[in-house]
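Shared between the two complexes below is chain A, which pairs with chain B and chain C, respectively.
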Partner chain A sequence: MTDIKFQFSELISTQSQNPIKLIVLEGQLDESNIDDFAPKVYQQIEINPEGTNYILDLEKLTYLNSKSIGYISDWYGKISAKKGKLIIAKALTNIKDIFNVVGLDKVIPLTQTLDEAKTLI
Partner chain B sequence: MSSNLILGLSILFALLPVFVWSYIFFDTPKDKNRGLYFKIFLGGTLTVLPVLFIQYAYLKIIGQFPSLDFVSALYASVGVAGWIAIKYSFVALIEEVIKFYIVLFSDKNYPELITNISQALKFGILAGLGFAFSENILYFSNNWSSLETSGLISLILFRSVFTVCAHICFSGIFSYFYGISKFSKDFIEFKKWTGQTISTNEYQKFRNKQIAIGFTLSIFFHGAFNSILEVGTILGPPTFNLFGKAITFNIYIVGVVLLVAGMFLTLQTLLSKNTGNLVFILADRYKSTMSKKDEDVILELMGIWYNQGRYEEVKSICERLLKRDPDNNVVKIFQAKIQDKLL
Partner chain C sequence: MPGNKIEKPIEIKIEIPTNAYFMSGIRDFTLSMIKNMTDFSEQWAYRFQSVVDELCNNAIEHGSNLDDKIYVTFITHPNQDIEIIVEDNGTNPNKKTATQIREIMEVNKNKEIAEIGIRGRGLAFIVEQWTDELKIEDRPNGGVKITVKKSLNDPEFTQKIPDANDPTRIVLA
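After this line comes the complex of A and B, so read on.
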């Protein structure tokens, strides 16, 4: 199984009343680990209150497969349904390229920094 | 009328449908490849020779060795209908194989010319026109003296419209599948990304399958066309009793006309498909601005969404991906298949 490290934490923001959850990913998301990791995000979305926002920090994510993009698109749908926002921060150029071609950047904002992401919430 | 004059007139009348049908199918008279097109046409004219040679050789052989006359024995054992089916399937097989080799030879020597399936079809149509031209000369000159003027006009009209169109369709159908087989690699990639099973020697299998489909269809239609005409000639038009009145109606001609119309419409449908008009880049491709690994992620996602029927989304991805990788044939196939589905 390809190594993927992840960390869920809460971000403090003076600009937003609603909680912000930070999800930091490191490594590669592929066929061998995505189905184990994805339920953890779903669980977070499930247990967190309505209006919770999420920032995906992809600075150290070097690869993600098609299924992962499908999951991100689905998380976006579920978060939006709970009146929250999903922002992708610090993605590497190749990952941003993929989001751009797939068209995901049209619905999920991509930012260079975490501060920028926070201002969008 | 002298035999030379009959031959001259036969050539003239055989040329007329060639010009008319060429005008219908080839709307670019200033095409720089006209020289090659003419050579393919000429190649097509020669395809009547092997069948004539086989007939000549067979008659010559059984003239000297009557015991080798297996045709009479076969005729006796399978009956008229069986014999007609065998004879015309054999004739169709030989003629279509030779026409195929003309297309194949032309493509091998000028591979840059067939960049889409429709172009392959054009090669086939030319070979078919060439064949029909030669066959018409033989038919017109052989029947010129024995037929009355009205019969001769009917023969010329029927062969110019239906027989020539039929030959265009026979070769057009196999050329269409030859065109698909030429771009096997890209179609297999498309199959792979849409989750279809790919076997170990898929490339060869896919190629052979396409060529086999094309051949089977063209030989079947060619054999059926010739057989219906032959049966009609042997049995003559049947007489029907309609409200106490005897009406003679040539049902065989109707059958042939329907067959040709069906083939022509099929060919038109194949030609109008976006997949058929895809321009495949064979060489000197623009380099993609994305890495192959990243493109593969996108293609995999396109395959998943395509299977889920999310055509609009995949269509948008195709447009964006082609801006990054303009000569990606697999993306073009995705795009064309979706356009065909959204029609």
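After this line comes the complex of A and C, so read on.
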């Protein structure tokens, strides 16, 4: 299985009343690991209160496949349904290129920094 | 290394067991091969990495059964193009014919991004948009053969250098 490390934590922001959850990914998301990882995010979305926002920090994610994009798009739908926002921060050039070709960057905001992401929430 | 670029056409064939475990190795090979043996830019090396990964995932999901194999062929024509062929044996119970794959692609291409399910973006967006030619054929043995080609003469080619802090950036000496 391809190596993927992840960390869920809470971000403190003076700009947002609602909680912000930070999801940091490191490694590669592909066919061998995405189906095991995705339920962990669904679980977070389910247990966190309505209005919870999420920032996906992809600074150390070096690859993701189309199925992973499918999951991110689905998480976005579920987060939006609970009145939260999802922002993708610090994605590498090749990852942004993949978001662009599938059109995900038209749906989910991409930022260069965590501070920028926080200002969008 | 750029100095070692090969001037003659070269063909590399790889047999891969139908297990997603091996995909990271194929991606690494693709990235390295495109960077070191072709005139495509680094940006396109990453794009072909995705194209090959998506084609192989498709061949595993809809083509060859577990404990079977898929076949990946790279044909590079220096200063002209690269051709990538991915074939499966059609032994998977969920196998799709060439016509069915084309139909699924067409449906997904016409959907809004949020309407597409978890799957469906690989062939319809990544493979189709990052190649010049895409041919999907049934193989005589019941499997499917997908051939993609990208020309070096495409005017859209511009070398984009990734950020210096980008850990995926590789500087070739």
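Here is the rule we go by: the second predicted complex is superposed on the first by the 121 of 121 C-alpha atoms of A that agree within 3 Å, B and C clash if a C-alpha of one lies under 4 Å from a C-alpha of the other, contacts with A are read in each partner's own complex, and residues count from 1 in each chain.
One rule holds for everything that comes next: a residue touches a chain if its C-beta (ideal position, glycine included) is under 8 Å from a C-beta of that chain, and two chains touch if they have at least 3 such contacts.
Computed from a predicted structure; not experimentally measured.
Ranked by how many residues of chain A each touches, chain B and chain C are led by C. Using the contact criterion defined above for the overlaid structures, shared-chain residue A:69 touches chain B and also reaches chain C. Look at A:114: by the touch rule set out above, it reaches neither chain B nor chain C.
Residue contacts after overlaying the shared chain place A:28 against chain C, while chain B stays out of touching range. Of the two partner chains placed around the shared chain by superposition, chain C is the only one that A:2 touches, whereas chain B remains out of contact.
Judged by the touch definition given at the top, the superposed model places A:60 against chain C, while chain B stays out of reach.
In the superposition on chain A, A:97 makes contact with both chain B and chain C.
Comparing which residues of chain A touch chain B with which touch chain C, the overlap comprises 63, 65-67, 69-70, 94, 97-98, 101-103.
Chain contact summary for the complex, chain A toward chain C: residues 1-2, 28, 30-32, 60, 62-63, 65-67, 69-71, 73-74, 76-77, 92-94, 97-98, 101-104, 106-107. Looking at the complex, you find that chain A touches chain B at residues 63-67, 69-70, 94, 97-98, 100-103.
Considering their complex, residues 20-21, 23-24, 27, 43, 46-47, 49-50, 53-54, 57, 60, 113-114, 116-122, 125-126, 129-130, 160, 162-163, 166-168 of chain C touch chain A.
Contacts from chain B toward chain A in the complex involve residues 290-291, 293-294, 297-298, 300-301, 303-304, 313, 316-317, 320-321, 324.
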